[in-house]
Amino acid sequence: MSASARIIALHLGLLVLLFALQFILPAYHHGNLARIMVLATYAVGYNILFGYTGLLSLGHALFFAAGMYGMGLTIQHMGFTPAPALIVGILAGALVSGALALLALRTVGVSFMIVTLMFAQAGYLTVLYFGEYTRGDEGFVIQQAQRILWGIDLSDATNRYFAAWALFSVSFIVSLWLVRSPFGRTLVAIRENEERVRMLGYDTYRHKLAAMVISGTISAAAGAFYGLLFGYAGASFASVQYSIFPLLWVLLGGAGTVLGPFVGTLFMFYLIDLSSGVTSAYLLIAGLALVLLTLFAPQGLVGEIRRRIWKDLP
Amino acid sequence: MEFGPHLLLATLEGAVTAAVLALTAVGLSLVFGVMRVVNIAHGEFYMLGAVIAWYVAHMMGGHPALGFFAALVLAPLLVGAIAVLADITILKRLDYDPERTIVATIGLLYIIQQLTLMTYGPEARPVEAPFNTRIALPWFEWGEDGFQFYYPWGLSTTSYKLAVIGAAAAVLLGVWAMMARTKIGLLMRATQADRDMALAFGIPVERVYALVFGIGAALAALGAVLIVPIQQAHYLMGADPLLLAFIVVIIGGLGSLPGTVLAALFIGLSDGIISVFFSPTLAKILATLLVGLVLVWRPQGLFGTRTA
Amino acid sequence: MTLLSTRGLSKSFDGLQAVTNVDFDLPQGEVRALIGPNGAGKTTLVGMICGRIEPTSGRVQFDGQEITSLPAHARIMRGMAYTFQITSVFARLPVTENVALAARRRLTGRAVDQAVEDALARVGLTDEAHEEAGNLSYGHQRLLEIAMGLAQSPRLLILDEPTQGLSEGEIDDFKALIRELAGDTTILLIEHNMNVVMETADQVSVLNFGEILAEGTPQEIHKNDAVQAAYLGTG
C-alpha cells in the first residue's frame, strides 16, 4: 500500500469503526459518543485555524453559539423546520467568522488572541442582553416535535447517533482533504513562516481569512447540530469556557493533525466524566490538563505518534 | 432621587470601583510590561485575595478591624507567594513564550478556581469592615431663598468607601515610587526595556520576573481585600475584575503604568455611571467591543504613544 | 528593453535616511550586481523593489508598468522572485515541500513535481529532497533558497547575498548556475564576494550611504577610485 493509501485507509477506518460501534455500545456510552462526535466536529473546525494556520483564537464560542442560536432562535421564534434552521445557523457562523476575521486579522499573536476573546465575550453578553428571546443562562429547550428532520426524529438515540456520525464524517473528510490540498499546504506554510509565503507570491491575508471562515463555519455547524440533537440552547455555550474547550481538546489530541481533534475530545470527555464521580470541580481536570500539556507535551497525543512513529501523518 | 444627586452617588460608587480596578489593572500591566506575559489567571489571584481575607478575618475573631488589617497584610503576601511559585514551576519552564503562557495561565485559572470551590465552597461570604460610618452627603438647589444645601434621601456613602479610595491612591503612589526610586524598580525597568541587555549586565532576570509576577498578583489580592467588606468573597468573583483589568490595560496602553491608572479612573467612573443609568450588560458589551476595536485600530492604547 | 526601473526611490526610518533618491534601471536579460559596504542600504533598496518595505517616496516600474502601490505578493506574481539574505526556509517542512510551495504558485498537479525535481537538480540538492529543511547544513539551506527562487521561474530573480556561508566548491557551482540562467532570467544580485561579482555580473551598481555611487562593468568598477575609497575608507 502506498503511503497515501495507508493514510486514507486509517482515517476512513476510524469512520467505519465509529459507525459500527453504535451496534455494540451500551446505551450510556452510545449517548456519550454521539455527543463526543458533535463536539469533535467543533474541535475539527478549531484545528483548521489553530493547528494548521497557526492562529490561536480564544473566541470560537462565538461561532459555535452563532450556529446554535441561528438554528435555535429560528425554530423557537420563527417556526422554522430543522433543515432551513440548520442552514441559517451555519450561514450565521460563516458570516460572524468572516466579520471577526476582517477585524482580528489586522492583529497578530497575543493581540489576535485578546481581540477574539473580547469579541466572543461581547457575543456572550449579547446573548444575555437579549434574554427575552434567548432566555439567557437558563436557555431554552427545543421540543421533540420541532426536532424532526425529513421525517427522522432526532431525539431518538439511534437517529441522533447517526446524525452526529454523519456530521463528524463530513467535517473529518473535509479536514483531511483540505490539509492535503495545495490550499491547506499553504496554510501550514503560513503557520511556519508567513513572511516567506508572502514572498513566494501568496496573498497570505486572504488565505488566513478563508481559513478562519472555514473554521468558523464548521464550528457553527457543530453548534447548530448540538442544539438540535440535544434539544437545548443556552448562554453557557457562548461563554469563554466554550472557547477554551476546543483549544484544550486540540492541544490534547495534537494540533495540526487530522485525528487529533477527535482523540482529544474523546479523552477529555471521559477524563471529565470519570472525575465527575469523584468531585464536582471537574474543571480542575481541564486546568491541570492545560498546564501539563503546555509544559510537557505541546505536540499532543497524535502529534507524539507522528513525531515518533508515523512521520507523514497529516 | 433627582438627576444631580443620582449622578454624584454614581460617581462615588464609580470612584470605589476605579480605585480597586486601578490596583488590579496595575498588577496586570506590570506583569505584561516587564515580562510580556498576558496573565489570564490574574482574576483568580484577586479572588484568592478575597477568600484568604475571609479565612483570616474568620480565624482572628475579636474586633473586626483586627481581622481585616491582618488580612490586609497576609492575603497579598500569601497570594504573592503562590504567584511566585507558579512563575517558577510553570512560566519559567515555558521560557515566557507569549502564546504558551496564555494557555498555561488559562489552565492555572481553572486550577485555582476549582481548588477554591473544593475547599472554600460555593458560598459567598462577607468580611466585616473595620469601620463603617454612614456619611450623608449634601446636595444644593436654587430654591425660593436662593442657593441652599439639603440632604437628599439615599445620597450617602460610608467612611469605609472613602478609605478604600484613599488606600488605593496610597498604594499606587507606593508602586510608582518603587518603580521610579528604588534599585529593584530600576532592575525591573531595565528588564522591561531589553531583556537580553539586562541579562548581559548581570541582572538576575529570572528573579526579577518571579518578583514582578508576585507583586502583580499581590496588587490584585490587595484590591480584593479592600473590596471584600463591600462585596463578598466568592469563588467565581475573579471573572469581572479580569475583564475590566484587561479593558483598562489595553485602553491605557499595554505596559504603561500612568496610562493604566488613567484608564482605570475612566473605566471605573464610566462603568459606575453607565451602570446606574443603563443596563450593566449593555455597558459591558460596549466596553468589550471598545477593547477589541482599540486593539485592532490603535494597539498602543488610547492614552499610549506609539513606540517603534 | 528595461525590465525594472526606479525613480527617486527613498526610504527613511525615524528620520534616518537609509536610501536616498535612487534612479535605477535594469535591462531585460542582464545580470546586475549590487554592491556596497555594510549598511549602505542594499537590502532596503531591494526590499522596496519587491514590496517588503514601503518607500517614503519614489516610484517602481516593472515590465513597463507602475507597481509602486502593489503589495509584495502581487509583485511576485508578476514575475519577481526574492531569496532571503537570512535563510528563511520552512525548517519543519520537507525540502520538496519548500520548493513545491514556490512552484505551486504558477503550476498544478504533476507539473509541480517536475518543477521541484528540476529546481533541486539545478542546485544539486536531489539527494536531500526528502530531508526536513531544518536538518540541512547552512550552505544547503542557502541552495534551497535559490532552488525556491528558480522554481518560481521568475523574470527577475533577486538574490540577497546568496553565497554567504557557502563553501568554495558550492560557490563555483553557484557561479556556473548564474551563467546558465543568464540571458533567460534577469538577475539582481546583492553580493559581497567580489570574485563572484567579477565573474558573473554584466554590470555593477555601487550603493554607498543610500545613494548610487557608480555604475559600470565589473572592470570599470574595479578601477573606480570613488568605489575604492568607499570600501577602504568607510567600509
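Odds and ends about this structure:
We call the chains A, B and C, going by the order they appear; numbering starts again at 1 in every chain.
The rule we apply is simple: contacts are C-beta pairs under 8 Å (C-beta built on N, C-alpha and C of every residue); 3 or more make two chains touch, one makes a residue touch a chain.
Since the structure is predicted, the reported quantities are computational estimates derived from the model, not experimental observations.
The chains that touch subunit A as well as subunit C do not exist here; no chain meets both. Averaging the CA coordinates per chain and comparing them to the mean over all protein CA atoms picks out A as nearest. Between the Cα centres of subunit A and subunit C there is a gap of 43 Å.
Centroid to centroid, with C-alpha atoms defining each point, subunit B and subunit C lie 53 Å apart. Between subunit A and subunit B, the centres computed from C-alpha atoms are 34 Å apart. With touch defined as above, subunit C holds no residue shared between interfaces to two or more other chains. Remark: subunit C residues 50, 52, 71-74, 76-77, 82, 84, 88-93, 97, 100-102, 104-105, 108, 148, 152 touch subunit A in the complex. Across the complex, subunit A meets subunit C through its residues 182, 185-186, 188-189, 192-193, 195-204. Interface residues of subunit B facing subunit A in the complex, by the touch rule stated above, are 38, 90, 93-94, 98-100, 102-104, 106-115, 117-118, 243, 246, 250, 279, 281-282, 284-285, 288-289, 291-293, 295-297, 299. Across the complex, subunit B is touched by residues 56, 58, 103-104, 106-107, 109-111, 113-115, 118-119, 121-122, 125-126, 128-129, 244, 247, 251, 279-284, 286-292, 294-295, 298 of subunit A.
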